[in-house]
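The structure appears below as C-alpha cells.
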Amino acid sequence: MVEYLLMKIFRALVTVTLIVSAAFVVLRLSGDPAIIILGPEAPPEAFEAFRRNWGLDQPIWVQYLKYFAAVFQGDLGVSMRDGRSALEVVSERIPLTLAITLPALFLKLCIGLPAGVTAALYRNSWVDRLIMMLSVAGFTVPSFVLGLVLAMVFAVWLGWLPSGGSDTWAHAVLPTVTMGLVGAAVIARFTRSAMLEVLGQPYIRTASAKGLLWRDVVRTHALPNAAIPTLTIIGFLVGSLVAGAVVVESVFSWPGVGRLLVNAVANRDLAVVQVILLLVGLTMVGANLAVDILYGMVDPRLRIKRLKAGS
Amino acid sequence: MTLETAPGLEPATPANTSGSVFTAKNRVQAFFEAWPPLVLIALFWIALIAVLVVGAMWIAPYDFMALDLRARLIPPVFMGGSWAHPLGTDELGRDVLSRLIVSIRISMVIAFLSTMIAAVLGVTLGFLAAYFRGRVEQVILMLIDAQAAMPFMIIALAVLAFLGSSLFLFTVLMGFYGWERIARISRGLAISANERGYATAVRDLGATPYRIYSRHILPNIASTLIVSLTLNFPEVILLESGLSFLGLGVQPPMTSLGNMVGYGRDYIQSAPWIMLAPSAAIVLTTLSISILGDWLRDKFDPTLD
Amino acid sequence: MSELLKVRDLKRHYEVHVPQGLFGRKASLKAVDGVSFSIEKGKTLGLVGESGCGKSTTAKLVLGLIPATAGSVEFAGTPVTAKHDARWRALRRRMQMIYQDPLGALDRRLPVVTQIGEPFEIHNPEMSRVERTERASGLMNAVGLRPDQAMRYPHELSGGQRQRVVIARALALEPDLLVCDEPVSALDVSIQAQVLNLLDDLRERTGFAALFISHDLKVVRQMSDRVAVMYLGRIVEAGLPEDVFLRPQHPYTKALVSAIPTPARRGKRERIVLEGDPPSPVDVPPGCAFHTRCPIAQPSCRNTVPQLVSSGGHAVACHLVNDGAATAVQAAE
C-alpha cells in the first residue's frame, strides 16, 4: 500500500513537472516575447534592454532552470494587463469560481448519482429511457446554449433572476444550475454504465440466487463495486471545475477564474494564462491523486495486483 | 442512406391486398425494430445537414455578409416576419437563414477535418504502441494519460493564447481532441488482433508490419473505430462552437454556429431568434449524430463504452 | 542425405512470477529445455507429447517466431533467428506453418481466394493480379476446394475446408519445410482423416519436409518418418515409428502407447495408467523429470538427468534402459 501510494505521488510529481515544462516550451514556441510585448516597431535598444532584463539573452537551459526556480518560489510573472503579479490576479478570482462550482458539483452528484443508479436498476423501463434521454440531451446541449435559454426564461421572460453579474447570491443561481445540469448528465450516464457492468457480474447473480433480498444485494454488493469506476469520473469533474466554469462564467458575466482566462486569452496576457494553466494542472493532478488513494482504500484488489505485477 | 430503406415500407401500403394483415404489420414492426424512428429522424437531419454543407452556396438565399440596413431585426416568419427572411435578420440586416447555412457548413467542415486528424493521429500512435510495445508504448501511453488528464478546453485556450487563432491552426487544434481515446482503442484492438491468430498468421507468411496493419488489422477494427469517431464528432462540434462562442475560435467576418450564438446573445431580449436558430442547429446536429453513434455502437460493438 | 533442419540443444525459458510471500518469487518456466533433432529433406518428424510439454513452443522456435534462450536452429545451412527483419521475412518463402485453429489463422474480412494468393502478393509483388488469382485457384483445386468457394469468407466454410485454405496458403510458395502444429486436433474425427490424407498426398507430390506436432499418437504415426516423444520440455524417446510405437523403451512412451485404444490387441496388453498430472514446468523435478510419475522409478532417477542415448537409430533418455546399453556403447567406443 505504501509502495502503491509512493508510486502514485511520484507520478503526480512527474506530471506536474511535465505541465510546468510544457508551459515553458509553449511560451517559447509562441515567438519572441520581446516582440509580443513591445511590438515589432519598438527601437532595437528597447529589445536589448528587455532581453537583458528578463534573462532572455542567456542559454535556453539556464532560462529553463531559472524559470523552474521561479515557479517553485511562486514567482509566476506579471500580468501584462495591469502590471500586478499574475498569481495575485488569479487568486483573487478563485473564491468567486468556487462559489458557483462547489454548489454545482453538489448538484451534479445529487442529481446524477441517483439518476444513474435508478436507470441501471430499472434497465429498459420507461424510467431508464427518460433518464437516458435527458442525459443524452445534457451531453448534446452545449452549456452556453443551456445557460442562454435559462437566462432567457428566468431572467428575460419571468424576471425572477438576474442574467448577469455577481452582486447577490441570486446572481449565482443560474450559473450554478447550468453547470449542475450539464455535469449531472455526465455522471448519470457514467454511473448507469458502471452499475450495469456490476449487475452483469456472476457474483451478483450468485448473491441474489442464494436468497438475499434484491435490495440487500444492491446495497452490499452492487453499489460499492459500482462506486469504484464512478470515483474516476467524479475525480475528473473535481479536477476540471475551472475548465467547466470557463463557458458558463462568460455566459453570465461571472467574474471568476474562467472568465479571467477567456479575457487573458483574448488579450494574450500570457502570464495569467500560464498561472491558470498551472492551477488547473495542479487541481487535476491533486484530484487524480485523491482518487487513486481512495481507490487503494476501497479496492483491496489493487494492492494485490500491484504485488503480483512485482512492482 | 435513408432512401435505401424506403422499399421496406412498401408491403405496408394498402395496395398490398393479397395476404393477411399480420404479415404487413409484422413487416412494419420489423422495419421499425431494425430502424428505430428516432434513428430515422436523426438520419434525416444528418442528410439535411449534409445537403446544406455541400450546397450552401446555392441554397443560401442571400450572401451571408450582405448588409441591409433597411431590414434590421426583422423577426422570423413564425414570429410575425415575412418569407423574404424566413428566420429573420440581425442587427445589421443580415439574413439569419443564410448565415445559419454558412455557419453550419463551416462548423461541420471544421468538425469533420478535425475528427479525421484525430483519427489519423490516434490510429497511427495506437498502432505504433501496439507494434513496438516496450519503451515506445510507454511514451505513447504517457502522452495519452497526459492528454486525458487535462481538460481539453484549457489546453485549447492556452494554445490559442500563445499562438493566436487562424482557421487552419484552429482546425488542427480541434484535431487534437479525442485522439487519445482513438489511440487507446486502436492500441487495444491491435494488441488483441495480434494475439488472435490472423495477424500472426500473416506475419508468418512474411508480410511486412505495414501490410499487416493496413491490410489486415485496420479493416478488422474499422467498425469499432467508425463508431468511436461518430461519438467523437459531436463533441468536436460542441468544443468548436464553445470556443467560437467565447470569441476565440472562428473569427469574423467568417461565421460559425458558436460565433452566431455569441453574437446573438447581445440581442437575447430584443431579437432572441438570432441566438435560437444556431443553438437549435447545434443541439439537433449533435443530438442526431449521438443517437446515430449510440445506435451503431449497440448494433456493431456492444463492448465499447 | 542432407539435413534440411538442424536443431541443437534448443532452450526456451520464461521468466515468471510465482505468487509467494509478500512480493512473489522469480522463477523460470522451462517450456523447452534442451531439445535436439534434425529433419532431412522431404522427411517428416513427428513430435508427440501431452499438452504443455513444449511441442508448440518448439514449433515456434524452429520457425524463429520467438527467440530461443539458448541453442541453435539451422535451416539449410543458415541459422534461423527471431529478429523479424527482411531476411527473416524472405525466409518465410521456404518455411511455413499450419495452425491448430484455422478460423483464427484466417482474416475474416477477406475472401479465401485473396488469402490464398496473399503469399504471392508478399513475395512476388510483380505478379499480375490475374496470374495470382489463377495460381490461387490452382491451389484451391489442389487442396480439394471447389472453385465456387473462392469468394467465400472463412466463417462460411466448414472447419475442414478452412484448414484446406490454410494448407493451400502455406504451400503457395512451395516451401521446403512445413511445420504443422496440431493441424487436425480442432477438426471432427471424420474430417481429420481427409485432411491428413491431403497432407500426405501433397507431401508426396511437392516433397516438402515437415515437423508434425500432435498429441495424438495415431496421427503422428501415420504421418511421420521419424518420431520424437516429448515430456516437460525434453525429448525422452526418438526413433522410427515402428520402433517407438511397437517397442517403446521409455516408461512414459510405454504408458502413452498402452493408452491407444486398439481393438485387435485388447486384453493382450495391460494399460499403464499414469498417476497425477505432469508437474508444472516451473518446478521441474530434479533428475529425471518423469520420476514423480514413473511406475518403475529408482532412487537414482531423482539425482541425475538422463541423457538421450541412441542405439541403432532408437534413442531413449532413461537411466533404467540406458544403464546397460550406455556402458555397452561406451565400451564399443
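Which chain is which? They are A, B and C, in the order written, and residues in each are numbered from 1.
Convention: a residue touches a chain if its C-beta (ideal position, glycine included) is under 8 Å from a C-beta of that chain, and two chains touch if they have at least 3 such contacts.
Quantities reported herein were computed from a predicted structural model and do not represent experimental measurements.
Central chain by Cα centroid: B, whose mean Cα position is closest to the mean of all protein Cα atoms.
Placing every chain at the mean of its C-alpha atoms, the farthest one from chain C is found to be A.
Separating the centre of chain A from that of chain B, both taken as means of CA atoms, is a distance of 24 Å.
The centroid of the Cα atoms in chain B and the matching centroid in chain C are 52 Å apart.
Mean C-alpha positions place chain A and chain C at a centre distance of 57 Å.
Only residues 196-198, 200-208, 211, 216, 219-220 of chain B touch chain C when the two sit together in their complex. Within the complex formed with chain B, the chain C residues making contact are 63, 65, 84, 89-93, 96-97, 99, 101, 103-110, 118-119, 122-123, 166, 169. Put simply, chain A touches chain B in their complex at residues 15, 18-19, 23, 26-27, 29-30, 136-137, 139-145, 148-149, 151-152, 156, 163, 193, 239-240, 242-244, 246-247, 250-251, 261-262, 264-266, 268-270, 273-274, 276-277, 280-281, 284-285, 288. Those residues of chain B whose C-beta lies close enough to touch chain A in the complex are 146, 149-151, 153-154, 157-164, 234, 238, 241-242, 245-248, 258, 261-262, 265, 268-269, 272, 275, 279, 282-283, 286-287, 290-291, 294, 305.
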